[in-house]
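Following: one structure in structure tokens, then a few remarks.
Per-chain numbering from 1; labels A, B, C and D assigned in written order.
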Amino acid sequence: MSATTAETPRLRPTRALILRGLLLAGLLILALLPLLNRLPPDHALHASDFIVSVSGKWMCYAMLALAIDLAWGYAGILSLGHGAFFALGGYAIGMHLMRLIGPRGVYGHPVLPDFMVFLGWTELPWYWWGFQFFPFALLMALAVPGLLAGLLGWLAFRSRITGVYLSIITQAMTYALMLAFFRNDMGFGGNNGFTDFKELLGMKLNTAGARAALFYAALLSLSGAVLLCRHLTRSKLGRVLVAVRDAESRVRFLGYSTVSVKLSVFVLSAMLAGLGGALYVPLVGIINPGEFSPGNSIEAVIWVAVGGRGTLVGALLGAFSVNAVKTWLTSFAPDLWLFALGGLFVAVTLFLPRGLIGLMRKGEER
Amino acid sequence: MKAGTLYLDGVSVVFDGFRALNSLSLVIEPGELRAIIGPNGAGKTTMMDIITGKTRPTAGTVQFGDHDLTRMDEAAIAELGIGRKFQKPTVFDALTVFENLELALKAPRDPWSCLRWVLPPAARRRIEATLAEIGLADRAGARAAILSHGQRQWLEIGMLLMQEPQLLLVDEPVAGMTDQETEHTAALLRRIAGQRSVVVVEHDLEFVRALGEKVTVLCEGAVLSEGSIDRVQNDPRVIEVYLGR
Amino acid sequence: MRVLCLVMALFLLLAAPLRAQDRFETLAAGLSGGFGAQVETVERLGALGDARALPLLQALGEGRLQKRADGTLLLEQDGTVVEAVAGTPAAPGETVRINNRVRAALRGALGRLQLVAPQEGARLQAADGLFRSRSADNIPLLEQALAREAAPLVRARMELALAASRLVAADEAARRQGIEILSGSGSAEARSLLLEARAANPALAAPIDAAIAAIDARLQIRQAAETVFQGLSLGSILLLAALGLAITFGVMGIINMAHGEMVMLGAYTTVMVQEGFRGVPWLAPWSLPVSVPAAFLVTAAVGVALERGLIRHLYGRPLETLLMTFGVGMILQQAVRLLFGAQNREVVSPAWMQGTLALPGDITVTQNRLWIILFALVVLGLAVAAIRFTRFGLEMRAVVQNRRIAATMGIRTGRVDAMTFAFGSGIAGMAGVALSQVDNVSPNLGTGYIIDSFMVVVFGGVGSLAGTMIGAFTLGIVNKLLEPWAGAVLAKIAVLVGIMLFIQRRPKGLFALKGRAAEQ
Amino acid sequence: MIHRHPFSRRALLGGAAGALALPALRPALAQNSGPIRVGVLHSLSGTMAISETALRDTVLMMVEDQNRKGGILGRKLEAVVVDPASNWPLFAEKARELLQVHKVDVTFGCWTSVSRKSVLPVFEELNGLLFYPVQYEGEEQSRNVFYTGAAPNQQAIPAVDYLMSDDGGSARRIALLGTDYVYPRTTNRILRAFLNSKGIADADILEEYTPFGHSDWQGIVSRVKTFASQGKKTAIVSTINGDANVPFYRELGNQGIKAEDIPSVAFSVGEEELAGIDTKPLVGHLAAWNYFMSVEGPANAEFKQMWASYIKNPKRVTNDPMEATYTGFRMWAQAVTQARTTAVDAVRTAMYGQKVAAPSGYTEQMWENHHLSKPVMIGEIQEDGQFSIVHKTADAIRAENWSPFIPENANRAKAG
């Protein structure tokens, strides 16, 4: 493993300050977006509805990127299945949103969601119990990804599966979950997943107020996640993680149980991803098994690689910039955007092993 | 069994039909400094792997005090007080010298404690003392990646010291060192012994002589000869193994 | 010319009433009517036994029968059109359309007409046709034909057809005879016929039940054998898809996420070769065999470009290679989509790859899958031979085992790397040729195989081609055994979870060998 | 430019993403003059590109054609094409972008039900107008969507009725094979109720689902063979989607299942899907649609000619969803002309009762339930990859988007 990982960039204090400043400025601009949205459309600083809406989505992606960075950039665990944790978190909240529709569904059934009614189900499956309560759903959005990561991690780390093998196993996990969630018999709405949500915590979802509230919820969660990750990576645990990444067996001989170290960070990372998914679903209004597709997970890993892994700012930068490019190109060059995005991935891995953040570091060394 | 005694009895290891250790028996008393030599493939590194839990023996007993090491994993054995320095120095390149030592410092090792860890002043002083001892006091803030080969060896020995082990296993500590560095290392190891047992695996007979302690010769996975360096060097079987074929 | 036609038409108009009493002709006119009339006509023509009906009915079945607005039937043969009855040249008319009911009636009628045809194939087809459209009227015909028939295969089919016809005879003894003969067959169709007869003959329930039980026993064995075949077939596809990966990943440690796209390029090469050959009649049948080396060369060339241009800069960083090749895969996919269109491309299967092959015990296997199994084994054999017995294989193994020493011995390691990667990619391309025979040829072709391929390689043991083979066949058969009671999706999920658990227990897979990836 | 995206500053500092000025995201000014903007929301990459690119081309062709005729209301049309990349949440994002940033007046788009479900809340919230051109499972009716494809009663039920008729082979045992998603599930549920009402017992119905892109059909085709060996005439009703059809038909052909013995009727296989298959072994298998390329008549001749001269590739065929797109576009153009505005509410009202002489050869009408009346046609696959029409209804049939065969529709909220 040792040769494959980048070093944690250690920035000179001034650079660190600039990065921190950038991070704060970015978060501040985000915080102001819904307010700028209130300005009249012809005002110079007006932010359109669309930008507010995609920024909300990107923040959720940024949480996923943060989660991946924590596991990969710091602990060297490259999971190609983090999209699964994200999707599971989304499904948990999605189930809550479906329960809240209640009798407002097309068929007016008091309990069953529409898709169950027209597939001829008569009873709510047991695993849907409790999801009418928001705290329970939120708990599940964190616990289910956490438990799955715990189980998978425990099995894998215990038998010392690392590197490429771990990546392939996590990829198989998300693939298997995708196939499972595509099945209508699972009771999760099959290919269509969940849509047509009505309200959350008493707010009508299709209103500007609800969108602003969700936006700030995402912003707060993202900021919280950044703070948490920052605290973690700066603690001794963070240094142990880096040590595990660079020379796992050496850490073991120092008396650390690398299984529990890796497991705890993997579980935490999965829960962060789950939280991102939980915020994502009410913002975009749909969750379906496509989120489990292995390609999605790989793409999320690439955001981190593009931004610069092993730094928190890098993960955020990657998530925002790649998604912004994608949003732009899928409209600007609908036939050619895959070339541009694919080319970007190739170029970054070849020329910028430390991502965009690495550029800054290079500048510093000169 | 006396606490701190390492006790190997009849240990065999077979890899795909190849016998790396062949009924090896060895006792290291607390506080003893022992050099182990032997030709390539004699089983020196495998022996270390067995003691530190990296490899499981096919047969035999491995005990440290009252603990059965064959039932414990690397981390648990390390926590028990057995430290190991690898042949190729492995320090954490991405961390500073100080942080390397801090990681090795004897302290609760579970993730939660690591997360809440604040370096106590006493521990800081210990780290600083060790830095001085291994001659890296002025490099404390430097990343380990930029250290010279010798400095890395010392840093690793320093990390072992921070672990406060009862038994230290040192694999070829002076390979690739200059004479001056070798001397410095020998002195360092002699200083360490006395408080704890040290097992040194080494090719360099001059270095072993400089250590001036009991020597065990391994060959084909078993003990060939044991005693002072002079005695061992005059043992005909040893001469045959080293010079014969 | 036109004058000639006019004269002819006039002549025909005059001639037609003269032959009006000819029963055959009156009947044949019904072929241009609606579907209902067609069915009736076909049945009557079959019963009539007039040999003149044969070319007409054959033409109808093959879409070569045309009609003029006035209802006159025309026959098209090798591009020229003649009047069906008179045989005189004519201008093309509108093709006579038929539907499934007419087709079914045609089968019976053609069966009656061709039962004593000179060609063995035609007689065989006739027997099958009569078996399907059984009728008591056919009994004497079949008995006569049987008396003359020498070919054992045709005899067997005729006997079955006779038995089936007897099943609907008026005479109970004949029916009993039919039941007995059918009970000796192992086919699902015979079972179906017996069940039909059971409903019609309550008195014969006991012998029919016994016959069905006998068939079921044979069917069970047959189905088990077919399941194993299906498993082998799925395994062979997994093997083909994974083999290239077993070399690039297993031997070189390169995680090539664009591997699926290499397979896809191989399939598109097949399309290109086929389209290139379409204009040349004597070449057309060879398009598939020629595609194999062509696909190998094309994908190998892409492989060299990829390795020399990009991948070699990332040696020792397998995870980065993974991400980069994912990007390459996106680019290749979109490039093919823009060049060839997003739609599926048609690949014609040669005749020798179509239909089923009957093995002893009535076990039927599909020809294309049988060929693919053989092809997979041949490709595996070639790959093993190339690695074992060639200079290139020796150099490759040397580089894998110790790059530095190999370099000091004068092996150009860079060239060996490029060739090894090209070799693996080329094999993926050959897999694409085979996959073009069972799957869509579309830009997305490769995506469906990449994860399965990785699972096969990891399960079989990285670096071991034998492991890849055993892994692929094991997974294929397990999947097919699970499928009947778990369904296709759950079976696949079960296999995936099974592999994940297996890897936890044996991280090195079934067969662990040394290679760069194995030492990770 | 002032409306620069906030993240672009950081990205610019980062360096490589300097191109992030996002000019395309600048909001266009709401306009009542200038070009009429037509959004095209079809996947151009990913799994659905195989089907949806042809629809993108159809819309572009219609826009070009309309402009040649001088546009609508004296205004030119301008197509805004985006690629939602077969990614359902991206569909929602792109729908919002089309409506809010590009201010499109109408959108033609979506193929899968899930993509439509994904964009539906966006169109309803922003009061946009979507034309959806693909046959689907029904059970939906949004005031912001016009459904120009078939509802189940305009495709599935007549097809099964045909299979059970003398002409269709008098099937009394039906294998329902489908891809596991909502359209096949719902359609098969409706069909089961329909079959039961025709006296076919559940024991004579086999229902099997496979995942998307399923490529190994050996086991299922064998099972159908076994199912067919029970002494009753058997037929297959296939709701198998997209890519999975090619391997399915290959397996049918190779296992020697002839249409005369076990006919199959498909609802998702058209000319475009057949273009990827060698159809010789499949002659006689059926498909049910509301349009076939082989329909004869002036409207279809015009449509085919227009397509041929637009796409300039003799191999490219027309199919049902393309015809639905064409018909929908024509209808929308008429409605805008009639309403004298592109304002959604006015166009919606003008749409009701709008009639078009469709390429299907029938006059199709848009009803207040937002669905078209359509004829049903059954075609048999021919050797040349076209369909021979063996049955068609006398008139265009009105859509029952809320199926009477789904009992829950009885206590459905009266909102729809």
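Couple of notes before you dig in:
Criterion: a residue touches a chain if its C-beta (ideal position, glycine included) is under 8 Å from a C-beta of that chain, and two chains touch if they have at least 3 such contacts.
Protein names from UniProt, one per chain: A = Urea ABC transporter permease subunit UrtC; B = Urea ABC transporter ATP-binding protein UrtD.
Keep in mind that what you see is a predicted model, and the values were worked out from it rather than measured.
Ranked by C-beta contact pairs, the top interface belongs to chains A-D. Subunit D has its Cα centroid 72 Å from the Cα centroid of subunit B. The centroid of the Cα atoms in subunit A and the matching centroid in subunit C are 44 Å apart. Averaging Cα coordinates per chain places subunit B and subunit C 66 Å apart.
Multi-chain contact residues, meaning those touching two or more other chains, occur in subunit C at positions 333-334, 447, 489, 492. Residue positions of subunit D touching 2 or more other chains: 44-45, 180, 209, 211.
Counting partner chains per residue, subunit B has no residue touching two or more of them. A list of each chain pair in contact follows: A-B, A-C, A-D, C-D. Those residues of subunit C that touch subunit D in the complex are listed here as 35-36, 63, 97, 99-101, 103-104, 107, 132, 188-189, 191-196, 198-199, 219, 223, 226-227, 230, 233-234, 237, 333-334, 337, 341-349, 354-356, 364, 366-369, 437-444, 447-448, 480, 483-484, 487-489, 492. Touching subunit C in their complex are the following residues of subunit D: 44-47, 49-50, 53-54, 166-169, 180, 208-211, 213-216, 218-220, 222-223, 225-226, 228-232, 243, 246-247, 250-251, 253-256, 258-261, 263, 272-273, 275-278, 281, 284, 286, 316, 380, 382-383, 388, 390. Contacts from subunit A toward subunit B in the complex involve residues 2, 7-8, 10, 231-232, 235-237, 239-240, 242-243, 245-247, 249-258, 260-261, 264-265. If you check the complex, the residues on subunit D that touch subunit A are 2-3, 5-11, 13-17, 19-20, 22-25, 27, 44-45, 80-85, 87-90, 92-94, 96-97, 100-102, 112-114, 117-118, 120-122, 124-125, 139-140, 180-182, 185-186, 189, 209, 211-212, 406, 408-409, 411-413, 415-416.
Contacts from subunit A toward subunit C in the complex involve residues 1, 3-4, 78, 80, 155-156, 158-165, 167-169, 171-173, 175-176, 179-180, 182-183, 294-295, 298, 301-302, 305, 335-336, 338-339, 341-346, 349-350, 353.
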